[in-house]
């Protein structure tokens, strides 16, 4: 049986300067601090009962791993079985508040971990008097850059039963991007064509479009317009309102809200043509080149960053500045 | 194996005057008409690809059935097995656009149907130029009045693996209300203590709190303040923004938005004390008596409405007008 | 010439416990503190460059005065002329940051001050990273309880050229309430029938309905639902979204947004019938009795509170709980 | 005495194809049609009791005139006196529903009209069941391209007592843009440096940022992303949320909301540096070149369009795409 992945769980990002990270994530964006140590911050949104973002000091910025939550402990053994069957490196790793966590390196080079239970913290969802910043709610999804979108999609669909909700195709039927879910909205994982393996972004859910606008206002007020890479806008794909930020280490963070329910067994994935002007931003806005070209390096199984491969699909979509 | 219920699917309501219903649901609330016949209207929200509400002309207002969508056709056979195992009446029934549907009468007298696939209609989610009214998105949940909340909860938990997210208890530990889900938010089905079996309400998801306010504004503008029974407000339970309406036949319709994700395997249900002033409405508002006492009769397996039983749990919560 | 009143300017409220006031106004509602002394807090909204609310320690809660800003210093002399012409008590008084202020007692017993210039403070409107609470913008209006709405209206219309925008009348043509403006929206001053002279409420402008809802959420989160007296809702009169709060001394504070422009010379005042269910709240909600009956005492010219007179217009509107 | 201008009143635009205009303004943006004839549409927003935009068929697109509402009929005679004193061409003109209107050509070539009273139409502000589109509320301001911003500002300040709220200056102290008001918010008239006299845009007030986003969604849904020239975004100047559209004749229309109150006699105008990245859009977005370069021709006193003059202030601000 395939491991039953429930949802996107957490990300561990390497950052060079924890104080700079704190100013961005905590002071401006209002993330709640669950734990802090000399070398790490453990953060969550107001809806979350467990941390979902760990920032860990490291000489080079990068992604330590992306983690998914599974339906129970037995699923972790299924992950190990799956790793063995595919010849993927795996091991048990420790993370604070996760009683058991299995980490693999997927066939495309991404460091991916799985856990089934997590230490719970005080409920904040209705502690409105303690909200700060735009009101980050919860981790929503990961987006990764891969030179083989089609292959990566097939692996996650077959190995973990990730389900396709939307995808971008060129006129020759080649897949340039894909949106895959487990938890019932548009995605837990998106795949973007490009030099990889790299992390494109992690995304957090906000309560509504007001909160998206407020995030941009706050960064502008703090004289950090440079941290606003793209948006606010509405995606054609997913229909969500978004803004893309760059943190002090260049990691891309999306704030995201209002997509749609995708649990139907007879759901029909939506196909977007690569050069549809409404695909990236429904309103026809152009996307900055950096958004297509830049990403965060990912850690290999033995440490260091995984070597990069270019994609055979060259060029950018139209509607790029 | 238990039937795998994916989500709340549709409701069929009996109404006396289809034109009055149309003015309320279509002209004011902006539901999209998928089909119409002399005796019925088939409606959907802008996010839905299939109808989710059928209004059928009948001499007396009532509920024909509530329907859930299951994960595949094999689940329908599991529903039949379950009906046989529990000695529940069942049969296959026809509904437009549902290739196969099984209907049972549950042990508490509720008419419940199951289907696995539905005819799809044009995607409207991004057809913003065609939106009318507050922007109904999709069916979100059912709420039923039952004199045995504890028993009804146990049946749905055991038979269909509905999961508890929140519940109301008195000081003696008796359950007065329960919120149960399958699709990953607070509920697909809520149970309210009271004379039953009756339908308390059906609820539709709206995109945000603006839409909730707009719904109330529209009804007031159309001189239909009588149709606004309760709210707009924010629930303590579920944290959602809401407004409760009464349709021309007295059926209660909730417009609802912004609850939270509930897919975690280690989710801890939230207990509310019966007399917590923030339970019904976070802001401490009183709830009108009618909201606790009135509901729609439900159809029996052989036609006619199921006989009512009073609840052994008497009295109303405090914070009632 | 009549004194040219530009807008509502500030209020000075007597409070018994400055720390309790600070928790309410500053910690929860997020007012910005401009000055503080042992006996007083000077507060403003994020749009204001000068303080608009002073809370001053006093043995009994009450209103010290309401103040209006006038178009220039010469207008203050016109206020004095007017006081002399009407035989009203007047004197120059000092308030922090007001180079010159004239205070009168109006014919109905209300303590009213006028100033033309004020000390300016740092601009905060775009300092979004410093916003706390729902985002109070600016003082919008005063509402007073008077046993002679008609007479009070005529005085302010004739003496200060306040213009009528909306009013409530019974079937016999008697005026029960009036909304009067100078600054170009629905009101700077509203008059409500009742035992007086008393202050009914002071109101602050919020940026949008989200902020109104957030205010209620914050108070509920802080376990202060008792401070929410009425709403959130939408007024029929003024079309504004509102919530009424009661501060720790019982002073009523309205948070208010989204009325309309009233500068037209040919504006036609809107008449509301006393028992129109949409007048108080467009959605037909009932108004709590306390809202009609309770208010803050106002200071007399020689100190102490002005003696109260009942209104000849007895009874409450319908649609009261 | 100077003519007492109360507010921006209406615009008359020449359009080539009334049906195309109707699809844009009425079908998509939801303007209310007050009158229609074979050659003209008279439109208003939901808050307005009189029409504020007339679209008139003409062989070439352009601006017939901009009109202001004045405080009474005597002000029209003051306009005539002013025209005579300045040697400006003037005459009385007819417009539907305006009992008397005086039109001048200002010293910079702009056709400007004045009226004091207008025919009133049914109140729609609270007719929420009839709202269509994003919910246009009312005309907010005009923005014109002039090669002499400093001179135009001085004329309107001296002749009509327009008050400066914000302005853009380069390092040499030369004024590149100015925002002037009469009605009490940031502007009734803005001046933009450039080849002129031309109309830069007319702007309508929307109720909140939701409505701004909805306008963009509607145009995108109708496959008219080309009509979205800039935004949605938040201005640094004025703090307002905005989106700029281009109508079928290329006329620029801004939808605008949430600026601030400017009635204070001691208001201090805000100076913006020409190359401040937050000036045009608080979030640092670039502005498309077309926004600076394109505008609508304006009609001369004897018909035909007024000849254009280039500005001595050359070049564009930074932060332009």
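First chain written, first letter: the chains are A, B, C and D, and each begins at residue 1.
The rule is short, and it goes like this: contacts are C-beta pairs under 8 Å (C-beta built on N, C-alpha and C of every residue); 3 or more make two chains touch, one makes a residue touch a chain.
Source: prediction; values computed, not measured.
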From the centre of subunit D, which other chain's Cα mean sits the farthest off? B
Report which interface contains more C-beta contacts, comparing B-C against A-C. B-C
Just how far, in Å, is the C-alpha centre of subunit B from the one of subunit A? 33
Chain centre separation (subunit B, subunit C; CA means) in Å: 43
Determine the centre-to-centre distance between subunit A and subunit C, using the mean Cα coordinates as centres, and give it in whole Å. 49
Multi-chain contacts in subunit D, i.e. residues touching at least two other chains, fall at 126, 208-210, 217, 219-220, 236, 282
Touch graph of the chains shown: is it line, ring, star, complete or other? complete
What does subunit D use to touch subunit B in their complex? 27-28, 126-130, 208, 210, 214, 217-222
Which positions of subunit D touch subunit A when the two form their complex? 209-210, 213, 216-217, 219-220, 225-226, 228, 232-234, 236, 241, 277-278, 282-284, 286, 321
Spell out the residues on subunit A that touch subunit B in their complex, using ranges where they run on. 6-7, 47, 49, 69-72, 116-118, 120, 123, 125-126, 137-138, 183-184, 207-209, 236, 239, 258, 260-261, 263-266, 268, 270, 282
